[in-house]
């Protein structure tokens, strides 16, 4: 099977600093792939490159599908429309919008009424908008947030904010979901629940997932393959078992047990 | 809709004031108001008009055209017999339809644009003024420059947002060029500017015989000072906007060869002028400027018309105003012509130190 | 659904009643010319505030140049009705279209500029508009364009104001409006959610400008006279004050803000010597006591007015 | 008794975030505070630091009532916080951030020595001392936040989830550092999601649930408590 | 050539006045992110204090300057405490409106007390004009003073903000008030110091400019305030050398436009240039291009 996403010889420099250098990664349809590495290794930078927030200094990013798309030439919103959704390491919700509106907003790319229908509030608009709301509520229910639909996002506790961010990403109906440290700030119990949720999501929505995480129980628990970055370069790739025992990874990242 | 007659009954005559009392033109509006207040005080002390006291209904138009209309509408509704102000041509033009509809006379002391009293449908019946129009004042200075100063070339330095400045410049240019003079350049400044050196550097390069600066005293004083500091020696000419002690204060020792057209000269020995200056100084502790004097005359001009009309009916006052003959004001002896402009002679005054010196008189 | 219909019908009925009542009062002379003038001014300010709110309150683009759009509309309508003797509706359309086009132009810098940098750019563009107007003799230059026919009447005022409010509200209340609000909240997250932020920023500017243009047309054809200096920086600030005072992100807030400040200004006419002192003091006090504006980002609706309603309670606690 | 919270009540608007918290920290201890998201852990620390208004109850530090003191005065007494989410100053350099940590101190020599200490603990910071802190990676920022707090030479260090977002190798380091800091004489109140680690280095612990303390005791006991194991240690 | 040099000098001196104000502006701006519209009016009050000091109290130049700076500093602190402090957690635009309220209050209270008229300073500093190049170029001592003073202030401020403890506290407060408090920084005092400093600068500018042009009025702060705001943004918000540079460049642009293009479109062309430059450098000339780390 051809990969869904290919990064080849990807390089990104900031001034003199090479945050990413010559990275080659392939992500296949349906996989859950882990991306780990020490702090400052360039993991988030890689996400930013994939989603168009940063423009690569060198190399290429290709999204495969019916047609091949060069992501380096696309802007973030186009990439989002092509089916790549993400969450942020430092949560970026629309703080002064309600929980429901955060999710509804992400349905924007799938809105099927015209601006005229909206401005005139035609009956067709009301019907389609009600339909959107229903879908959004269904999604919120999955994340156990439906009861907080009218709460402003900024008033949610941290854990719920993380979940809302994932819900918002899913509302884009993506093919590829990028999660940047989704378990950060969660206790082991909550992390375990999150793992179940991620697995379930993959099945339910037919997703491919690329995941950054420092919590090894999460990474080792759900990832099928793992890439390890250090100082912007790949130092290892393989199954959780392989990675766990890779001396370079132990030295750079995991530490002696 | 006919005018309210509420002012007829009482023991007072209500006069509306629609002036620029705040924002950028506040200085001029408040100066005018000072002049009006002095006149009202004197009139009331002398027993009022038709045995009634004058009562001012003072409103601020925020130096804005729409607000001037707003205020005028309010004054009309409050039943004033006449409106004094606004100060600038644009604002008077904005108010014009309101007073026309309400049939109330309006007198301005400083709206000088030619078309303030003229609309596309002829003379604006209810609009009067105590000041010269631009054509007369600008033209007079052009003549003076050509004949008395033997100037052949001139540069104009104009305030870009002021209709007064642009109006004077236009008529100066017309008369100056049609009598053989040449305008070498037109340059612009903005009110509230304080630094004029860059344009003055340019003006210096024109080497013109005279520089015409139709502006108000605030900037003019600074322009004169900076021009002289930079070694520009050509005479600097202007209009009644030069008439303020601010000019010599700002320009100081640099004041040299500065001529302007005005209504009277401060060294005028006409008892009317002398008395006015004395009274003004006593009340406000400063020398009156053109705004003060013209607004002072506004009020007397109105009082005179009410007296002659022997009525406080606005329509009758309007008729009386229109037929004014040889009304003796501080700013000259004035008759209203068929275009509602005052016929009065203009004097050319020179600033010598902080004194004004009469140079010549030009009759209409 | 039926509840929505009921509310809509209720709104329409109330509006028609307001329209007819005021029309009758004007005809009967009970609303005198002065009150009428201020009522119209109030409505024009409502349009200005609501349209600026779309740009600044909802989309988060700090604009200090709203008076520029108004100026374009005002002059365009004046040219159409005075110089070209065309009917007023054409003047309004010309005003809306031309201001809208300028809105696109002004919107373009938003793609690169943020916050105060954008504020300066918009301020600059509106100043450029004013300075150009000062120097075009065809429209009277500095001395202004007088004798513009007075076509604006209660019917025009009422229906354009209502249309503006309804259109902006409906827009905000749709996915398109949510996109704008998302841009205000977090541009990067909005982009990652598939929102074309460039498009929506320009759209907001264009719509906002368009309605400001309409307000300009109503203004020009009511106040007889246009002067470039009426559309200076302070005018933009005045509009901004209404928006902030009413509550950024609330359309009903803009209505209230415009109303209160228009009436305040009218009332303060009675104190010419200290008018601006009082105005400054009131601005200060109002902002200190109600920093989020009268409405915050809530909307006033029948629900809120009817206290017992449960939904109202949730709105109030937001 | 170094620090004592007595029946503390704190509100955010209508939200009753702390509903009567009482806890004690002895001189020289590491005390950990564990609990689910939104339990009120950060609120507790911020309240001690003086950032929140206390509705009811009191905070005593070394016998002194500090309930209504301003944050700078509290820092002056020797209570310093490593805040949640790092809160470093992004537009300032790493070095300037560290210097700000020593804002209230004026002993040049001591500051210099402590700076060297911080660099020794976190060599990465030395490498990047001229870089703007905002461009550091998450983990680097966390190191900076800890280093910055140490620069004030606190007597009581409040740490809010210092291991959040850190690579495992560093998490271990961080906990070692916390132990070390403690052994060199600083008392520590530690909030952690990584309860297992926290309990392994702490002397005592408290469990917080929706604004109330539900369990307390020596760290070992808590770690062995089945309830705690199920809820916070991943079974 | 002589004319061109003269024009450049004109621009430099005009710009140095903008800079003088922009420096204080950018300080306050940098720390509480507030477009302090009242800054121009503090400058006006400073000028009036100088006027009273010289005409009524008959003080010399230096005592008047100091008095004016002191009173302006106090005024700045009072304004901050009364009008801005209660709103620290409100949106920036709310603060902007409050600042406009303060600005109107200062303008019209002054107008109410002192009248709207223009006042002129007595000659406590004598203006000397020096000419060079056969009279083609002229410079006055006052121009030199103002340029030198604004340059010196720039260096001083830059030093304070970058090198001193209080300067670092100012920057920390501007970035994150809570975190700054956790460092032991007294946020209120830091902000007060900033306002005092910025306002004292405005007061000094008021006296200097009042003396130089010899003309003050209650609304004199509006235009320079606006220009200083533009200069500060132009140079990069919060950047002290940026404010200096923004002011000088704005002065130069205005001068060259009036001198060589068209004085009628001075401000329009200046704005066009400004916008173009901003489009190329969206955070001002010396503003840090703070790429938000995602």
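Residue numbering begins at 1 within each chain, and the chains themselves are lettered A, B, C, D and E in the order written.
Going forward, a contact is a pair of C-beta atoms (placed from the backbone, for glycine too) under 8 Å apart; a residue touches a chain by one contact, two chains touch by 3 or more.
Everything quoted here is computed from the prediction, not taken from an experiment.
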Exercise. What are the chains that chain B and chain E both touch?
Worked result: C
Exercise. Looking at CA centres, what chain is most distant from chain E?
Worked result: A
Exercise. Most remote chain relative to chain D, going by C-alpha centroids?
Worked result: B
Seminar exercise, completed: In whole angstrom, the CA-centroid distance of chain B from chain C equals 37
Seminar exercise, completed: So, in whole Å, the Cα centroid of chain C is separated from that of chain D by 50
Seminar exercise, completed: Per the C-alpha centroid definition, the whole-Å distance linking chain A and chain B comes out as 72
Problem set entry | Whole-Å gap between the CA centroids of chain A and chain C | 40
Seminar exercise, completed: Note: chain B residues in touch with at least two other chains are 22-24, 160
Seminar exercise, completed: For chain A, residue numbers touching 2 or more other chains are 44, 53, 88-90, 92
Problem set entry | Sites on chain C at which at least two other chains make contact | 131, 135, 188, 273, 276
Problem set entry | For the chain D and chain A complex, residues of the former touching the latter | 15, 34, 36-38, 85, 124, 135-140, 142, 161, 164-173, 193-196, 230-235
Problem set entry | Interface residues, chain C side, partner chain B - complex | 32-34, 37-38, 41, 131, 134-135, 141-144, 146-147, 150, 219, 223-230, 234, 266, 269, 272-273, 275-276
For this session: Can you check the complex and tell me which residues of chain E touch chain D?
Result: 165, 168-169, 171-172, 175-176, 178-187, 288, 290, 293
Seminar exercise, completed: In their shared complex, chain C is touched by residues of chain E numbered 35, 83, 86-87, 90-91, 93-94, 96-98, 100-105, 107-109, 111-112, 226, 229-230, 233-234, 237, 264-265, 267-268, 271-272, 274-275, 278-279, 282-284, 292, 294
Seminar exercise, completed: So, in the complex, the side of chain B touching chain E is made of residues 22-24, 26-27, 30-31, 160, 187-190, 192-195, 197-199, 201-202, 205, 217-218, 221-222, 225, 229-231, 246, 249-250, 252, 286
